[in-house]
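Notes follow once the structure below has been shown.
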Amino acid sequence: MHDTMQTQSERDVVLSVQGLKTWFHSRDGVAKSVDGVTFDLARGETLAIVGESGSGKSVTSLSIMGLLAKPAGRIEAGKILLRDRKGQEHDLAQASAATMRRIRGAEIAMIFQEPMTSLNPLYTVGDQIAEAIVQHEGGTKAAALRRAQALLERVEIPAAARRVNEYPHQMSGGMRQRVMIALALACNPSVLIADEPTTALDVTVQAQILDLLRRLQAESGMSILFVTHNLGVVAEIAHRVVVMYAGRVVEDAGVNDLFDRPTHPYTQGLLSCIPTAALLASRQRLAPIPGNVPSVTALPAGCTFAPRCPLASAQCTAAVPELIPVRPAHHARCIKVLASADAEVSHA
Amino acid sequence: MLRYILNRLVGLVVVMFIVATIVFVILRITPGDPAAVMLGPQATQQDIAALRTQLGLDQSILTQYVTWLGHLARGDLGQSIFLNKPVLTVLADRAEPTFWLTLMSLAIATAIALPVGILSAVKRGTALDQSVQGFSMFTSSVPSFWLGLLLMEFFSVKLGWLPVAGYGGPGASIGERLSHLILPAVVLGLVNSALITRFIRASMLDVLRDDYVRTARAKGLTETRVILRHGVRNALIPILTVLGLTAALLVSGAVVTETVFGLPGVGSLVVSAVLRRDYPVIQGALLVIAAIYVLINLVIDLLYLLVDPRVRY
Amino acid sequence: MAIASSPSVVSGSSSDRWQILRLLVTRKTVLISLIVLIVLVGAAALAPWIAPFDPYKLSIMNRLKAPGSLHWFGTDDFGRDVFSRVIYGGRLSLTVGFMVVVLSSALGILLGLVAGFFRGADKVVSRLIDAMMAFPDILLAISLVAALGPSLSNVIIALGIVYAPRLARIVRASTLVIRELPFVEAARALGVPTRRIVTVHVLRNLMSPLLVQGTFTFAYAILAEAGLSFLGVGVSPDIPTWGTMINGGQQYMGTADWIMVFPGIAIVLAVMSLQLVGDGLRDVLDPRLRKEL
């Protein structure tokens, strides 16, 4: 476990989440949506957080942004370390509301899943982008609107001069998502959190948006935290991947490593759910993972995946497994990999 | 957009037509002879017969209906039996106090409801929210005339700050008129604020849950800006509808309040007309008031055009 | 006027009953309101046995006595015991309110079903509903009572007509939705007469909104009747309803306040409890609003 970001200097880490726990308190009990999540995001890198619904991936991103629904949701424990553009380090989990407000939009920006409803229908697109610019950097509205137009051009919206004065309902879903991206980039943040930005879009539009994000990252060196449940998208855009299950990270690896050598049984299960040409040729059945994701208010003891895992044994339910290094920059939260892992590590 | 306006106008005409028919029907369902009822037990047969002819009650229902519509088209609302003046003149004479009363009560009701509703939505679940809701509930359970009497006793009789009743004589100053209107406007406004408060609160709660509010926060805007520019502005749209509904409630309430405070408005006119069985006046008042209400709603529909760009384009 | 929400097309009235019980247990205000209502209704029902005096009994010697140990609410200008009159008044006011709910529900359901089923009738009925709602409540009620003649039953009829359109709208909306449900389409394709199925389904789904709307209508009817009686265009002044009592107490404002104050308090109690219970029921029975809990 690392405490500061100094040790990450070889990787130039911009955002470091350490042992994050976000719980929701309600009349029906405590929902441990995020229960000890740790990962790092380096400069210019795209980290994908993969998981099913209920895995806690969205809650993780909302926790980082400080957008949890109060009063129910709260960060119970952990650190969220951000290095801002001046080089100063902040712990977002402890930051005051005023600090968070300054950081949101300026240092870290977020785009959401539903472009159709994420923009205010009563204001023009240009107005909404300009609003963010004026809030963080001051200046006149006219200057901000000019920048808004430039941003729209940057995200490849045709006829930007006209579009800047249009209302959201006059645009398609794909275009609105581009507007959202423009909005997010308005103040040149170093981190962009994208929470399933392409899920609600057509496949062709999806590809365009991913292309756009890749290009923008190459241009500005921005880091992207990409939350998704779609492994195909992960393969396209991520450098590193974190797999989440029931509020915990169960595997983290480089993208190629994850697809070539998935280690955690859950990851293996996820990958085998994807139809491939080989599978088609062999005429085998798709093998879904049996069982259901556990309810966040009633998590099983020990390894939360054990009830559905083909490799499970009595030891698995005894205690929560640690994240075990399987090979360099590749960890899995499973005691079953120890035997094979030891063998591999000793070879490296 | 033009289609939207045209649609509304056509709807208005249709509804007014039906309203006129309803008014016609209502006053013809009196069991027995309307003319006899109007003149009371003292009337002679000749008087009754004369009135019947005058009102055209001796003709068939269909003829009466057609004649009635014809009169309406010309703006002729008939003649008041007791005041011997055209109904339209009588109504025009009494319109002023009701107009100011309704306007003032709406202003007071909104002035109470807007901040209270917004606050209770933003501070949802807290003690403030619950006490606000309780207070709202209480004020909407109080009979307006009862509250009026109590306030009248306290402020006018005991403290003598405000006049007891009436509207001031002819030619009274604006200040004097205002002093007569304050108490009734407060009563009416208070009792009807509950609906608006509840609506504003519900609308704000809905809007605060909307995605674009989350986007606004994600942009790093101050909470005040988020609530005012993104929350309230959007929440206000459905509230326009409530204002329309409240206008109707206020006109309703004016009837009672004017009677309690002795204001010579249209409301108290209707009451005395009913007690005196002055049917032409009742008919005329009903029509005019319904027309006003329908017009208010039309204006609100048009206001939506201004406020919501989704309707405009 | 409370805006009743669109009906939930989720069936399951037995789970609704559980919800109602849970509501009563967890929300104290609703529980208290319900108790108050039961007390009021109970007092009204048991009036002949619990009223200490005959509400009609005149006693010129005892007129205008302030509240004391003998006459808890004092006596009015005819020496009648105000407490007993308030209880008997409750009897009448609450009965009127209840009957108005029954009548307006019956009318509303009928109109709504007709409008929902028959496209042709719908055009007419919808406009009719719009037109009726173009009149402010009290005005319509006053005119109807003026036309029919002032009496208790006419007040009930008038108010029943006034409040029917709101319910008709809800029923119509519900009918239109249920008509298009897949299982109805399937039945229609099989040649099964769908009207009865739809009616039964509509009525079942209406239980909740009807209950909620009914509670509010009850409250508004009490206020309306009081208003009408106060104005003198409702029930005749010698019949003791809460409204006529306030009317009678007007002239003694300042000298014998109690004549006017206590009936008013009774109205506030009844209407407020009804609205609180209605709110609670709506929170529990409308799944859309459940989120707000």
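A, B and C label the chains in the order they appear, each numbered from 1.
Methods note: a contact is a pair of C-beta atoms (placed from the backbone, for glycine too) under 8 Å apart; a residue touches a chain by one contact, two chains touch by 3 or more.
Predicted model only: the values in this text are computed from it and were never measured.
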Farthest chain relative to chain C (centres taken as mean CA coordinates): A
Contact counts by the stated rule: is the higher one at B-C or A-B? B-C
Chain centre separation in whole Å, for chain B relative to chain A (CA means): 54
How many angstrom lie between the centres of chain B and chain C, each centre taken as the mean Cα position? 21
Considering only the defined contacts, which chain C positions touch chain B in the complex? 1-3, 29, 127-128, 130-132, 134-140, 142-149, 219, 223, 226-227, 230-233, 243, 246, 250, 253-254, 257, 260-261, 264, 267-268, 271-272, 275-276, 279, 292
So in the complex, the part of chain A that touches chain B is made up of which residues? 65, 67, 71, 97, 101-106, 109-110, 112, 114, 117-122, 131-132, 135-136, 167, 169-170, 180, 183
Mind listing the chain B positions that touch chain A in their complex? 125, 210-212, 214-223, 225, 229-230, 233-234, 307-310, 313
Residue set of chain B touching chain C in the complex reads 11, 14-15, 18-19, 21-23, 26-27, 29-31, 134, 137-138, 140-146, 149-150, 152-153, 157-158, 195, 199, 205, 245, 248-249, 251-253, 255-256, 259, 270-271, 274-275, 277, 282, 285-286, 289-290, 293-294
